[in-house]
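A single structure is presented below for examination.
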Amino acid sequence: MTPAQISQYAFYFFAALAVVGAIGTVTVRNVVHSAIFLITSLLATAGIFLTLGAQFVFAVQIVLYVGGIMVLFIFVIMLVNLDVALHQMQFKRRWWVAGLLALALGGQFGAVIYYSRAGGVLEIPAARTGALSPQNVQQFGLALFEKYALPFEIASVLLLVALIGAVVMTKKRV
Amino acid sequence: MVNDPSEKKPPAPAETPSEKPAGASAEKPAAAPPKPAAPAAPKPPAVPPPPKEGPVPLDNDLVKRFKARFGDNIREAWTDRKQAILVVDRESLAEISEYSRDDEGFDYLVDLTAVDWPKREKRFDVVLNLYSFKKNERLRLKVFLGEGENCPSVTGVWSTANWLERECFDMFGIVFEGHPKLTRILLPDEWQGHPLRKDYDILTQDTAWVRENLGIESGQ
Amino acid sequence: MSALLEFLKTYMWPLIFAVVIVAVLPLLAGYVVLMERKIMADMQARLGPMRVGPHGLLQPIADALKLLIKEDIIPENADKVVFWFAPVISVTAAMLAYSALAIGPFFQIAELNIGLLFIVAVSSMGIFGIILGGWASNSHYSLLGALRSTAQMISYETAAGLALVGGVLLAGSLSTREIVQAQHGGTWYVFVAPIGFFLYLVASIAETNRAPFDLPEAESELVAGYMTEYSGFRWAVYFLAEYANMIVVASIATTLFLGGWLRPFQGTPWMDFLDFFPPLCFLAVAGYCFYRTPKQPEPIQSMVMALFGGLCLLLAAAMALPFVPAFAASKPGLHGAFWFLLKVSLYIYSFMWIRFTFPRFRFDQLMKLGWYFMIPLSIVNVLGLGVYRVLRQLQWSRWPAFVLTTGGTLLVAIWLVWNAQKKAAAPSSVGDMTEAEG
Amino acid sequence: MVPIGNYLFLSLALFIIGVIGVLTRRNVIVILMSIELILNAVNINLVAFSRHWANVDGQIFTLFIITDAAAEAAVGLGIIIAFFKNRETVLADEMDLLKW
Amino acid sequence: MSDTRTTGFPGVEQTVLGADEIIINMGPQHPSTHGVLRVKLRLDGERIVDSECVIGYLHRGVEKIAEHRSYQQFAPYVDRMDYVAAVSNGLGYCEAVEKLLGTEAPMRAKVVRTILTELQRISSHLLWLGTHAIDIGALTPLFYCLREREEILKIFEKYCGARLTTHAFRIGGLQYDTYDGFEAETKRFCLDFSHRVDEYEALLTENRIWIARTKGIGVLSAADAIDMGATGPVLRGSGVKWDIRKAMPYAAYDRYEFEIPIGQNGDTYDRYIVRMQEMRQSNRICLQAIEDIPAGPIMGKVGKVLKPPVGEVYHSIEAPKGELGYYIVSDGTTQPYRVRIRPPSFINLEALDKMIKGHLVADVVAIIGTLDIVLGEVDR
């Protein structure tokens, strides 16, 4: 079993986990369970990042997405946790319309991806090799603070705005 | 500092090594010089045993002031073991309480309780023990209540009375009119009977409740 | 089959280390508990566990057994699956963090490029164990405990993370191994960034939910916080997670600030006699064990005591092994592990010392401390260390650079404290609190 | 080496599930979580192509997307809390007034 | 708030809860309610909107029992009320009955009573300090406190054979004279004790967390304290300089010098300081009293069968918790017609609802601790 094989198996494992988690997220009745499924899905995605050699994104995914955003979600779910909500209808009345629409969209995208395979109509050019080492934190940092310095700053402003917005909205007495 | 208690004591009596509080010794002669009965006087070091125990009629300044204000509503006044006791009318209890707090300075309701005398015409004594920080003096108000008669609540005068009246209701079944929430306090809400009445004892207690809620026989 | 063999061959050492950690960590955590109880007893003028084994040495094992065979109670309206799963999340997160920690230059499961970040990421997942457990119990106390715990851990994770950034800034790497190696021959970062170390100490106490920050499980307020409804083995698993987490944060602090597996005064030749310390230390413990052996009340206790003494002798022999020329190569591995664990224990000891000295904060005070003091100071600390690095690159010598940056950070800290005190001196605390709520 | 198409299909699957969640669920919190799923699908795409082209830019975009998701979650959940305080519900189709 | 749910305290009234409000039930089995107190808290987040004490879990009907016992037979029962300060309870009861009888205990008995009562006050305050500190999260002081309390209990044990429910005094005086070495042991303890108090204060008084947790918490103004009938350290913490030992001296208190420590703000910290100072003052009284215990009889002239004349008496003492009063009505028989006990804990506890409003759950614990209640006395 070579590392390449391992990463292949890992991909299928994580992919299956991610899809199962995602399906659970949208179908389960209890919101907390829904969040748990989402966490599973997000962790599986982090694993996929690992198979892609993106270690830093893997860590960020866990720290921010799982450790931050999802904790926030669960926090809010517990704050607004209503037992009543459990017994209400969970899906909109015409859910099948939405489902069909989404599946149609999926089919369309699927077709595109199918035709983009090697030898397909919309073939994606072959992978470029080299250049990106798996341990790319340094590359990553350099790119982030040189090439993308401005977007980085904008993102920080966005976060600040979101922070203030969240505080203002949840404040008791304005 | 809040207004009244700070001014109530003479400046720092406790700092001086006095044996008696300055307040007590200063106030007592002023309050009732000719009477033997300033309530709860500090014991002199070598006191001869009082000649007679039991009630002694009382008619000092305090009682006079009360009588002047409330007239016949003050039924009786006596001292027992040098402790002043005032029997007041049921109807005027609230006013008398308010008067004794505001004008006579009995700002502290020490205790409120009742005594059951089943053979008497008016069955219950409701007893209020008052204390004045200013005068260092105690006073006991009594109200006679017949069976089924209600007592006016003094919760508006002293907040302490809230629980004390509830306890009294719990133990004697005396209803206090105007009490914000007169429920049982020590016994379970569904309990039958009022334990401190003289006709209540372990044989007549609420065994049904015990059986139902605790699943045991009460053992009597 | 051969593929599997190949796999095992490639990953033999990491697998062995992983098994060792999973097997030893619970035991270690149990003995940390014993150590805590003994230290607590010592500070409180009593003896602590004395019955199970000589000086209570077998107490952790007895406790573990007791907890294992206790009745397993799940509250009636609990969410059973989550209730079952939550403690497992906690302990998994705690154990996973060890995969990137280097206990000695040899003993490490995986050398990760993003080592420290990985540890922080993985241990942040422990929150889910707490919050889901609290929610699944279907009890107000548990839920309040869980919410408190979450808010607290998120707040203090920020401060702890920033304190770590300071250390990483100095080392120039996220890999645990490289961080320690960067301290080799130089000074440990605790002497370069004392404020960063202090910040991490406080934040790590808060993150592991220990007094004076043990709000989530404040027994006098919330009974046992998120663990209220837990009992038996599940409770033991939570407990294990808590102590494993303590060992993790202590290991991080050791790696980043206390020179990891490095011996004190590594670069000073005349201090080399310290190399003899590990075997002598074990020898002394063994000697004490044997000295106490005949004084045990029961023969069986004497036997156990002698056994412990023998174990210590064995360890002493192992520590003395590197002095045999043939095995000289094993020195960094063996002695490294010794020094690492010693530093970890000292760090945990300071945790305990603090726990038994201070009362508990109130929740809003804790949050205030976190957001008004810890986080601003840790940001300033990162700035200061950045300046320090630049100054060093500009060929400043160590002392002026250190005094300048640390002094500056210290001034900010003093200002923050002074400011908070001025605010606290404002009258009417009840009013103050309602104001803070708005 | 897993071919990039597989990553794209995985990403597609997550994306479509997310879309279904957004379109069919009534609970606003679940809708927000479905949006996270969609963003996640995009992330997979970006990182996969980052490796495919041996270029770090895709990963950086991922970082920005995660940042954005954090901001969105903060504001979105803030709105939910504010809404819940006023109406005691978290169902999307009961949010039918502009002001109350 | 268009749609509010109704939940409530069962059987009492329906409480309408706001969106963020929950009701939490503290006790009767809760680590920090000091027994079987139950407090129903209505919380907005963690802030207390409303509260209600539910008591009575330990009700034994002490007052009813009294009506069926002779005066002497009832004396051991009072020890079981405030079981951490049994000696004080006994002193109050014995003095009340003596007053009812019109006799007095001899001086030697009075002095010994004073010493033991003051030791009991120290031990009660020590237990308070330890548990209060634990409530606030400081684990260690408890063990130091118990160490010193142990010394006091040893003195009690040597004196009367019991440690907790001592029944140390008899109506009319004392059953036992002091044992050999009583003076020396008490003196040694007292001399040692002032350093011990320094030790506790070193742990807590200047501790910033302690100050943050207690300053401004559970403020009870002097006017409120009087209105609520609070007594003892709770009243003095609010700045009212009133102590029955000074105001209406009983036992032998008029022989000794001591001060009444008071607080200024009426918060938890002030009550803490007041109790710490009270321990020092009690120690001071003990040291003075132990120097000269007058010689003489230990039992006054009371008969074997007590038949107090018809009448009633109210007598109160300054128990460690506050004013402990006995209102005894006699109908001339050997059994009291009615014994009413004015329990300080019960009435101090009444102030709880007022004190915790607007505070956090964590403060409730601190405030229950600072009231120093004993449920045996609250429920009787």
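Note that the chains are named A, B, C, D and E in the order they appear, and that numbering of residues resets to 1 at the start of each chain.
Throughout what follows, contacts are C-beta pairs under 8 Å (C-beta built on N, C-alpha and C of every residue); 3 or more make two chains touch, one makes a residue touch a chain.
Computed from a prediction, not measured in an experiment: that's the story for all the values here.
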item: Any chain in contact with subunit A as well as subunit C; value: none
item: Identity of the chain that, by mean CA position, is farthest from subunit C; value: B
item: By count of C-beta pairs in contact, the leading pair of chains; value: A-D
item: Chain separated most widely from subunit D, comparing mean CA positions; value: B
item: Computed distance of Cα centres, subunit E from subunit D, in Å; value: 61
item: Euclidean distance of C-alpha centroids - subunit A vs subunit B, Å; value: 73
item: Inter-chain centre distance, subunit C versus subunit D - centres from mean C-alpha coordinates, in Å; value: 35
item: Subunit E, residues touching no fewer than two other chains; value: 20
item: Junction residues of subunit C - those touching two or more other chains; value: 437
item: For subunit A, residues contacting two or more additional chains; value: 56, 68, 79
item: Of subunit B, residues touching subunit E in the complex; value: 1-6, 9, 13-15, 17, 19-21, 23-24, 40, 42-43, 45, 47, 49-50, 53-55, 80-81, 83, 85, 107-111, 113, 115-116, 127, 129, 133, 136, 138, 140, 158-160, 162-164, 167, 171, 183-189, 195-196, 198, 200
item: Touching residues on subunit D, where the partner in the complex is subunit A; value: 1-10, 12-21, 23-27, 29-30, 32-34, 36-37, 40, 43-44, 47-48, 50-57, 59-60, 62-64, 66-75, 77-82, 84, 88-93
item: Contact footprint of subunit C on subunit A as seen in their complex; value: 1-3, 5-6, 30, 32-33, 36, 39, 55-56, 58-59, 62-63, 66-68, 70-71, 74-75, 78-79, 81, 135, 137, 171-173
item: Residues of subunit E defined as touching subunit B within the complex; value: 11-12, 55-56, 59, 61, 63-64, 67, 99-100, 102-104, 221-223, 226-229, 238-243, 246-250, 254-255, 257-260, 264, 308-314, 316, 323, 325, 327, 329, 337-338, 340, 342, 346-347, 350, 354, 379-380
item: List of subunit C residues in touch with subunit E within their complex; value: 40, 43-46, 140-141, 144, 211-212, 214-215, 218-223, 355-365, 424, 428-430, 432-434, 437
